[in-house]
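Next up: some structures, all given as structure tokens.
Same chain, two partners: chain A is paired with chain B first, then with chain C.
Right, the complex of A and B next:
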């Protein structure tokens, strides 16, 4: 069975504020005179390695698992998955 | 938007024209149950509010009590139930933030937080565990970041809170009397919004809280940012010291529209504001979004032309964002503009005063039905039952929760959480004792007696630290008030609290009503929560201990009142029976006698009997002080009861006292003189807790074993399910 690396990125939904990202932007980046940076959003990434028949199934299994264990709160967070062959 | 047709007609009639969309949204936010108290306001007037220590003023968001020497204590209580039920971490954290700003808005420094938490059955329900775990973490993270100690509270689990959460937060403030904000405004004063930027979060939150919780209606999520709150606190206190603040209000439910209309109405002025000047987090927000946004960590200030530059400088020093959003007028109108265009223009007294409602009330059917229950058989092995109740999450130590809270920061906390009430040192050398208590199980069976019981329990806890109760706050939480049966339970609770408060002359200095607490399975049980403040006017607080050979006094009578007890509900799964009732006279006699004994210094330790009954009260003493106790049950003042009933009945007005042999006679004489029912019922000795009746052992536990169960069960449940 092929093996995949699945990255799950959890971040606050776009309409919900992100104090951590704002702080990094205002108190570090903009103070350091990098005015070209317009926005920073913070998040959390989980890297999974999983054996599955194909990429799609690998992503589905991981997403289901995140939902089952309530690894994020679907009301607050947006979750995106990206996967790679290992 | 949730204006009823009738309210809409009333509004039209009052303003004499058709309101535009923005005006409607402003009024809908302010006229929601959450902001307007339209169902409860008429009834709340019965509560006693006057007292020698009470200081009241217009536009005060918290209760103020004079504690002498030019100092005041402020207290406020609020809940954040709906937001916490959908996002426990952020909901609980922003709940803490909100109540702290109420304390701040008086011009006092927040010095302590207490919280009352309620969830479903965490033993069986993993969602309830998830809510519990994250709500506690939210409170801990927020309070700890701010450097304000979380000094106490209480936690209850009941199936009626399945898929829901009650998160109540009380905060205490302290300051100089002359620095209290006077709340006045004159024409042409400036209106300033300081703190976090206004975003789209929490839009419509106050209406959300006034609607029952439906799955699709869960957008009102607020994100906490304790660091900006900390800056707001420090900036405001400095502005207060430099006399820059003429009036102040925090932004809570209903956002700007409520803060503006309520401030203007309370001060009898008008306010003109320009939404374009509000500092915003995201571009493209509509005026109505700006007006009703419930973004956190914001305060509204009024200052004059002379002080405005000073205030600006202070904000810049602390790097707190601010914007000068408007001016005070003398026409009592709330005028909202975008630059020069007026987009809403309403009379403040119309916006701030929703038409009050007369809700119907009728006694619920269930109350009569559950009064009579078949008594369970006495279990054969009461030691085992006792151990089982000790590890029941409702009884077991909540150290897993309060262990995450910094309860000492600020170095005022003299008596820490985990015992009766917590005690804080004040700058005038006195001590403040605080406790909040609730009991939904009792209140379900008898809303009136249950509520009185919570009030008495909070008083008992405070008195056990040697403090005299000086004020109370109540938080009345019920289901949908449109249901006459639920409204009846609200009125009953309120009447009970009023009677007790008047009898004891304890003024109600603040409070809140939260309706529409409904889950998918129906309304929550009536859950009034009572916070009591007590004052210790002595040089040192009552430091408790128990030494080998101390004698156990049981004060107060144990009655056949097992309805709503942990024993009935947790062990036998019986919901019903007769719940404990407070006899006002006995309550007062016992309370004052106990206080006298503590003040004379005759007691080594005092503890009240509440959830779990006498047996649990005694076990808690033995566990905390790591000592055994042999109890002669025949000596316990009681009506005729079975052994299990004596051990687990939750009758009120009872206290446990540990007294050195040399002081026994003094205590006996005093109790006799005051006509108090008491029993010299045991001796603290050895390493076992033994209950004996007619010289036979009824229950027998090893202290270390009981301690292990009591201390660790909640933590283990959360960690391992």
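Right, the complex of A and C next:
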């Protein structure tokens, strides 16, 4: 059975404020004179390794698992799943 | 009458809660380990504050999947009084027993300070001895205490009188300054401030009586006191 790495990125929905991202932008990047940067959003990434028949199934299993265990809170967060060959 | 205090790895207000319940308010209290199913001979359950599982992933989310919480969901359906304080509130939200979410404080800091909350619902088993708009001096101690709910959920909370406590001023970015809510039925209450740290004059420099009424309310709802 092939093995895949599946990255899960959890971030606040756009309408939810992100004080961590705002602080990084205003108190670090903009103070450092990088005015071209317009936005920073913070998040959390989990890296899974999983055996599955193919990438699609690997992603589906991880996404189902994220919903089953509330790995992200669907009220305030959204999740992005990306898979890679190991 | 017997009250259970559920203990998770990382709970750190469980003994304070037990002390207040048993020594101050003379309620028979037992500590319940989260991995065990809760026996049926309990009349109220309290989830204490702390850092269950070190707040890993998100405060309360891992504890929300414990065997004790499965039992508490059934007890909640039957109308048993259930109170979650601080991390206990976060666990109730993550378990789906209360709506909304608790996010990092807007300051991004752990906040440990005295504040005042205002009673907005005095029909719950934990507020029935308090008056509407009564102020309670009480401490908070949390990093993820910013209550958030979307507009529709906030409308529902207001309509059903599920907002139990609000802060007297904006302190952490909580929607509508919410400090505590209950479920639609009113028997499940979650609050971020710590009543167990405010219910005795020896540890409350302002006035212990209002916070003590939270426990007196429980006594009343259990039929132990008037």
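The working rule: the second predicted complex is superposed on the first by the 86 of 86 C-alpha atoms of A that agree within 3 Å, B and C clash if a C-alpha of one lies under 4 Å from a C-alpha of the other, contacts with A are read in each partner's own complex, and residues count from 1 in each chain.
Quick note on the criterion: a contact is a pair of C-beta atoms (placed from the backbone, for glycine too) under 8 Å apart; a residue touches a chain by one contact, two chains touch by 3 or more.
What you are looking at is a predicted structure, and each value in this text was computed from that prediction instead of being measured.
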| item | value |
| --- | --- |
| Which superposed partner A:76 touches (first chain B, second chain C, both, neither) | both |
| Touching partner for A:28 - first (chain B), second (chain C), both, neither | neither |
| Touched partner set for A:45, first chain B, second chain C, both or neither | neither |
| Which superposed partner A:37 touches (first chain B, second chain C, both, neither) | neither |
| Chain B versus chain C as contact partner of A:17, first or second or both or neither | both |
| Intersection of chain A interface sets (partners chain B, chain C) | 12, 16-17, 19, 23, 70, 73, 75-76 |
| Complex contact set, residues of chain C against chain A | 57-58, 61, 64-65, 94, 100-101, 103-104, 106-108, 148-150, 153, 173 |
| Chain B partner contacts - residues on chain A that touch it in the complex | 12, 15-19, 23, 70, 73, 75-76 |
| Complex contact set, residues of chain B against chain A | 86-87, 89-90, 130, 199-201, 218-219, 221, 223-225, 227-228, 281-282, 295 |
| Interfacial residue positions of chain A with respect to chain C in the complex | 12, 16-17, 19-20, 23, 69-71, 73, 75-76 |
